[in-house]
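What follows is chain A paired twice: with chain B in the first complex and chain C in the second.
Right, the complex of A and B next:
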């Protein structure tokens, strides 16, 4: 955190000054470790074993926050007797189909859920392979899984029923002991005990513990389940929805949260509404019935979606044409960025827009990225400088090796210079869901334009060219609401006008809350969770009341979605009766005299819903949630310790080894890696699963304070290039001795994909780990460099293969295996020969 | 007099024994003015690097950015910026920044110049041609697809929300579904 989010880390330092214990779990020692009370190195790719053991520690001691757990989680829910755990099936859950490598979730349901849900919906769910498609998983992850999770399952509040979630968890995690942690993670039992005791002692009525993570948790073939394990632990300890608690995703880019909320992601529409699938949904009603929960706030999905369709297609969207629902293109599976690259290599994807992104350096398996770029008909790159993804036809490493040559690359390339953040108006959404408006200070230079300008004027040009078309496929383009006012020297579309459309309008003007949205076409809203960012017609995101003139929550700085709430699910900061759990942790509570929720934040609850409210049996949407149900997006209002539906790879997290590992899975020797991970077994994506001594070391990639991701915004800046001028690798003194590496000299790192060179940094910051009898060496590789800019070097991501998390299709970039040898890498075709010789020795065939 | 003006004497004789205040000042330093004081405008902004969202104050003089500082009013950052945020002025003023359109024709060996309007028109033509060639009305079972897999988008996560909104809206209307972002990565 101190490395990659340095200014955010000041709050950790503040907490430490007030007595907080800071524990840093990371394979390498960083600036964060330097300021932590305890640095705990662990083997990259082993975190589920570590977190699972913390869960086991809590469960075996019954150290959970029992009142919170019983009232606010699904610990008491009783599962169907069809559910069988990985512990009883040697590493897979019930419902596994080895032929398709996917799960059916029917056996993961609550007891009696099948009677409670509409069979039609469930059949549609199953037809999709139950969450094996990313869109499905995210919809359910937001609590939108229809029909699958009964709003009111049978419960045993004594938590003793053998099939209640609490007991199922206990059995599932029973083997996650400190001894297993030592064998899997390389953390000794004494250190583990110290961490477990600190976390438990710091949780409860008076205290809360927070977890902070970044892509060290997400970039794995089990990434979503890493976060799930932390969620289980935090729910058991009562650390969700409370001040000082939570699981914070430290996101790495100025508006990466915004890019997820208003998604440029294939599987989502704005506000986490799933994109429709071709084979599942016929019309809008069928789509909503299959995807939206009937209970909880997803019960209003129809209103959110109709309002979105109205904001896109305006008066053309009418009740008699299903609100233009048919204008939406349909998905048929995985259309993620890695599938797209395979499509480029195979020739089906012919055109590509790269807008502020440099996959030739920043994405896994750089060679495949570049071969894809070289096989396009046309490519548009928008950036500040000529990044590697724009110049691959001149200087890709594959030109040196002879795999590509400039004269035979047919890609037509357009490079369009981009405006910087001070040359345009607009909002970024930061890592805590805070929208902040940035004002335009100057005009962009030369041909540089904002991306808002680009998309608006591209749309106008396309619509001009299609004008008069009677082809039905052009209707969605011609019907589009695309008439934003322009301003300034370059006819920039007004960002305020676009934000106003995102916020939405009703019959009486700008909307102020998503609760105003209707499904009758009377409201328009481009992203329902952002509704209210221009409440009362005022740009709330531009508010800048100084922090020192406000409460510590600072509600008048910017605007946080939803409804300017700063802590999600904050109803859980009060006990079931609505009183603060303790004075020290007072945040949002029920004011019995005023009969409403009040406190330091906007309550994440209906403002006047009495804690004593119990829903009638036929209630829907939020009316179906009781006054003690804080998790209002879930169909049952509870935090899910066990996930009955929506995850592709199981209702509980299980330790699997990374797709490439130096170890046989100690937990399930016959089940090495996540059995449903997304794989691309093809000759150009060779993977070395495990075994042998050809690739004996673990490597992990990371960022440095002085650079930014693939370098497009940092390697060209003299200040930053000077601070970190060159690619390097971090190795321990022991590994340096074992391999003859010299500090300051060169090393070559080899994987089945390629070999790269780096300067050697021999440092005690990387410690060899002892896993029982085995010693595991890890190598640290920053991934910022490429061939262009001021500071240059080989790209670490070239080393990676492509295997993905099956829920979210994120690549496993944080744990893989390699060899390291002294000296620079060979040049030209000899590089290919070296890599091939390694593959041959490892027995990796040409079929991958 | 010149001799008596030596800073070391002021340091030894005066109250500023460590030479970090008045003793170190000269007439020249007294005459200097910070760029931040002579700016025509101070514009409120947000750092474009990581997702902490530190407040920035952008100082502008004669239509150019002269300095970018942390915004002490921000309850997020309290005026701090990290090395990247502190260097962000160079993102704007860096002389290596490319400010004209570049074009590489198929099989070409060099960049060529191209007018922005022409480039936009050519890109619109490419989109429509690829869309036409790769359009899918239905799949083999007759289910409606209404889409093209012929072109794709990958965006960085420094785009504004408004920009992502227009991108998603336009691509979806065109039937392009392979619309992706750094957020996947």
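Right, the complex of A and C next:
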């Protein structure tokens, strides 16, 4: 966190000064470790074993926050007897189809409940075997997967029924012992005990523990399940919905949270509404019928979606034309970034926009990225400088090796300089869901323009070209409301006007809350969870009242979605009767005299719903949730320890090895890696399966404070470039001795994809790990460099292959295998020969 | 010249001739126990003061993450990265870690302040100390170096003639000449920003408040409290450096909280203003000159014998 989020880390420093214990679990010793009370190195890719053992520690000691667990989680729910755990099926859950490499979730249901699937993809889901079709788990929406409408499962509140979730969890994690942690992660039992005791001691009525993670958890073929394991632990300890608790996702760069809320993701619409599917969602009724969870707040899906359609298509969206639902794009399958790149290589994708993205350096398997770019008809790059993705036709490494030649690359590249954040108005939405307005300080230089300017005027140009068209397929573009007021020297569209559109309007002007949204066309809203960011027509995101002038929750700094709530599900900060769990952790509570919820934050609950409220059997939406159900986006209002539906790779997290690993999976010797991971077995994506000694070391990629991701914002700036002037690798003294690497000298790192060179930094901050009777060496590779700019070097991401998490299609960039040898890499075609020789020795065929 | 050259000096600006209305003495308190080595101070300093680049031209230094390496004419803030094998709780140094043949199993339990069994990583942002008794200023023949109304020490580049006398005079090795014309440059504590009521760029940019700017008296109180808190937490090696008005430079305007001996960070353990002995030198010189004169006269007289 100190390494990649130094500004956010100030709060950790402050917490530490106030007595917080900081434990840092990371393969490498970073700037964070330097300030932590305890640094715990572990093998990259082994976190589920570590977190699972913490879960086991809590369960075997029954150290869970029992009252919270019984009331607020699905621990008491009884599962169908059709469910079979990985522990009894040698590493797969019931419902696994080996032919498609996918799961059917029908056996993961509660007893008696005909559980349906995640919001937005239920039809696809039920057609199981759709394999890696798009829009599955992510389509579940912001509150996680919505469950069955009738999710009132049988419960055993003593938690003793053998098929209740609590007991199923207990059995599932029973083998996750400190000894397993030692063998899988390389953490000794004494250190593990110290962590487990610290976490348990710091949780309960009076205390809470927070987890903070970043891409070290997500970029794995089981990434979503890493977060799930932490969620289980935090729910068991009562650390969700309470101050000082939670699981914080540190996002990769500015406003990445914003670009998920109003998504640049192929399978989501704004506000985590799933993207409709071409064949299953032919009209709005079919879409909403399949999607709306019916109970919980997703029960208002129709209102959110109709308001979005009205926002986009205005008066053209009418009840008699299904509110232009037919204008929405449709999914036909996986259109994720890596599928798109394969499509480029294979010739089915012809054009590409790169906006603030440098895949030639920043994405996994750089060679495949560049071969894709070289096979396009046209490419538009909008960035601050000529990044490698804009100059690949000139200086890609493949030109030196002879795989590409400038003369034969047909891609027409348009480079359009972009304005920086100080050169435009707008908001950032970061980790804590806080929208913060930034004002333009200066005009952008030269031809640089804001993204708003680019897309608005591009839209105008396209609409001008299409004007008068009678082709129905042009209607979605021609019917768009595209009338933003412009301002300034360059006719920049007003960012305030865009924010106003996102906030939405009703018959009486600007909306103040998503609860005002209607499905009758009377309201317009560009993103339902952002509704209220311009409440009363005031830009709430621009508020900057200093902390010392308001309450400690600081509700008047910026605006947090939804409804300016600073902690989600904060109903859980009070006990079932509505009283604070403790004075020390008092946050939101039921005021019995006033008969309403009150407290330091905006209650994440209906303000007047009595804790004693119990829903009638036919209730829908939020009315179907009881006064003790804090997780209001879930159909049953409970936090899910066990996920009956909505995840592609199982209802519980289980340890699988990374796709490339140096270790046989000790839990399931016949099930090495996630069986439903997204794979691309093709000759240009060779993967090293477990075994042999050709690629004997683990490597992990990461960032340094001094540079920004793929370097487009730092390698060209002298003051930053000089601080970390070239590519290097970090190795332990022991590995340096084993491989003859010299401090300050050169090393070549080889994987089945390619080989790169790096200067060698021998450091005791990288430690070999002892796993039982084997020693595992890990190599650290910062990934900031490429061929352009002031600070240059080979790109670490070129080493990676492409295998993905099946829920969110993220690449496994944080754990893979390699060899390392002293000296610089060969040049030209000899580089290919070296990599090929390694592959041959490892027995990796040309089919990957 | 009436100002003293050694010992405590409560009103350094007053001593330099500013009248009673001058602002209080301003300073830096750099608390290295919360420094995360982000180098924002280095970058902010260079940006504000428009300093030339050039560090890192030869690639990585190999000195941990420190590619800047030292304070200099073009680097007025420098973050040191001290990477060391950890000392075990019983005080013994872990020989395995030290020898670089780390065996992961037996590296001992981590402790506060040395979070990892194998290594600890200290970071510290160094800067000109703005000494109470600044030898650089004392030896400057042109008056390019002067004491400001804030009690800081600043070079005027348009007055400096590049003689370089100040360079060996600095007990910390801070002040440095540019290679082209020999003029010296160093931290001004952002004199231009102070004049406009703003804090220096480095302190403004520091995300963890490792660099704190303020009135020196108040900073000293803050530092004493922080030191006491760390001692209470068992960080026994924590100490203040440059805080004591009785030290060899009369106390620093920019002082530090360190987690180990000053030498660990490359700082002199007991700096003394190099002009401390000027009066006695002058006296000795006068005596010596007198003796020479007497001898010479005697020689002449003797010659006449």
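FYI, the second predicted complex is superposed on the first by the 820 of 848 C-alpha atoms of A that agree within 3 Å, B and C clash if a C-alpha of one lies under 4 Å from a C-alpha of the other, contacts with A are read in each partner's own complex, and residues count from 1 in each chain.
What we mean here is this: a contact is a pair of C-beta atoms (placed from the backbone, for glycine too) under 8 Å apart; a residue touches a chain by one contact, two chains touch by 3 or more.
Source: prediction; values computed, not measured.
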Notebook entry, point to check: Is A:705 touching the first partner chain B, the second partner chain C, both, or neither of them?
Noted result: both
### Task
State whether A:767 touches chain B only (first), chain C only (second), both chains, or neither.
second
Report task. Classify the contacts of A:752 with the two partner chains as first (chain B alone), second (chain C alone), both, or neither. Result -> neither
Should A:546 be classified as contacting the first partner (chain B), the second (chain C), both, or neither? first
Using the superposition on chain A described above, determine whether A:10 touches chain B (first), chain C (second), both, or neither.
both
Winner on chain A touched-residue count between chain B and chain C: chain B
Exercise. Does chain B (first) or chain C (second) touch A:686, or do both, or does neither?
Worked result: neither
Inquiry  = Quick one: is A:384 in contact with chain B, with chain C, with both, or with neither? Answer first, second, both or neither.
reply    = first
Check the residue A:723 against both partner chains and state whether it touches chain B (first), chain C (second), both, or neither.
both
Footprint intersection on chain A (chain B / chain C) at 6-7, 10, 705-706, 718-720, 723
The residues of chain C that touch chain A in their complex are 34, 36-40, 42-43, 46-47, 53-57, 59-60, 62, 64-65, 67-68, 83, 85, 97, 99-105, 107, 109-110, 112, 115-116, 118-123, 207-209, 229
Seen from chain A, its contact residues with chain C in the complex are 2, 6-7, 9-10, 13, 17, 24, 29, 31-39, 41, 186, 188, 190-191, 194, 704-706, 718-726, 728, 732-734, 736-737, 743-744, 759, 761-765, 767-770, 775, 791
Given the complex, residues on chain B that touch chain A span 41, 43-56, 58, 60, 63-65, 68, 71-78, 80-88, 90-92, 94, 96-109, 111, 114, 116, 119-128, 130, 133-135, 137, 139, 141, 143-185
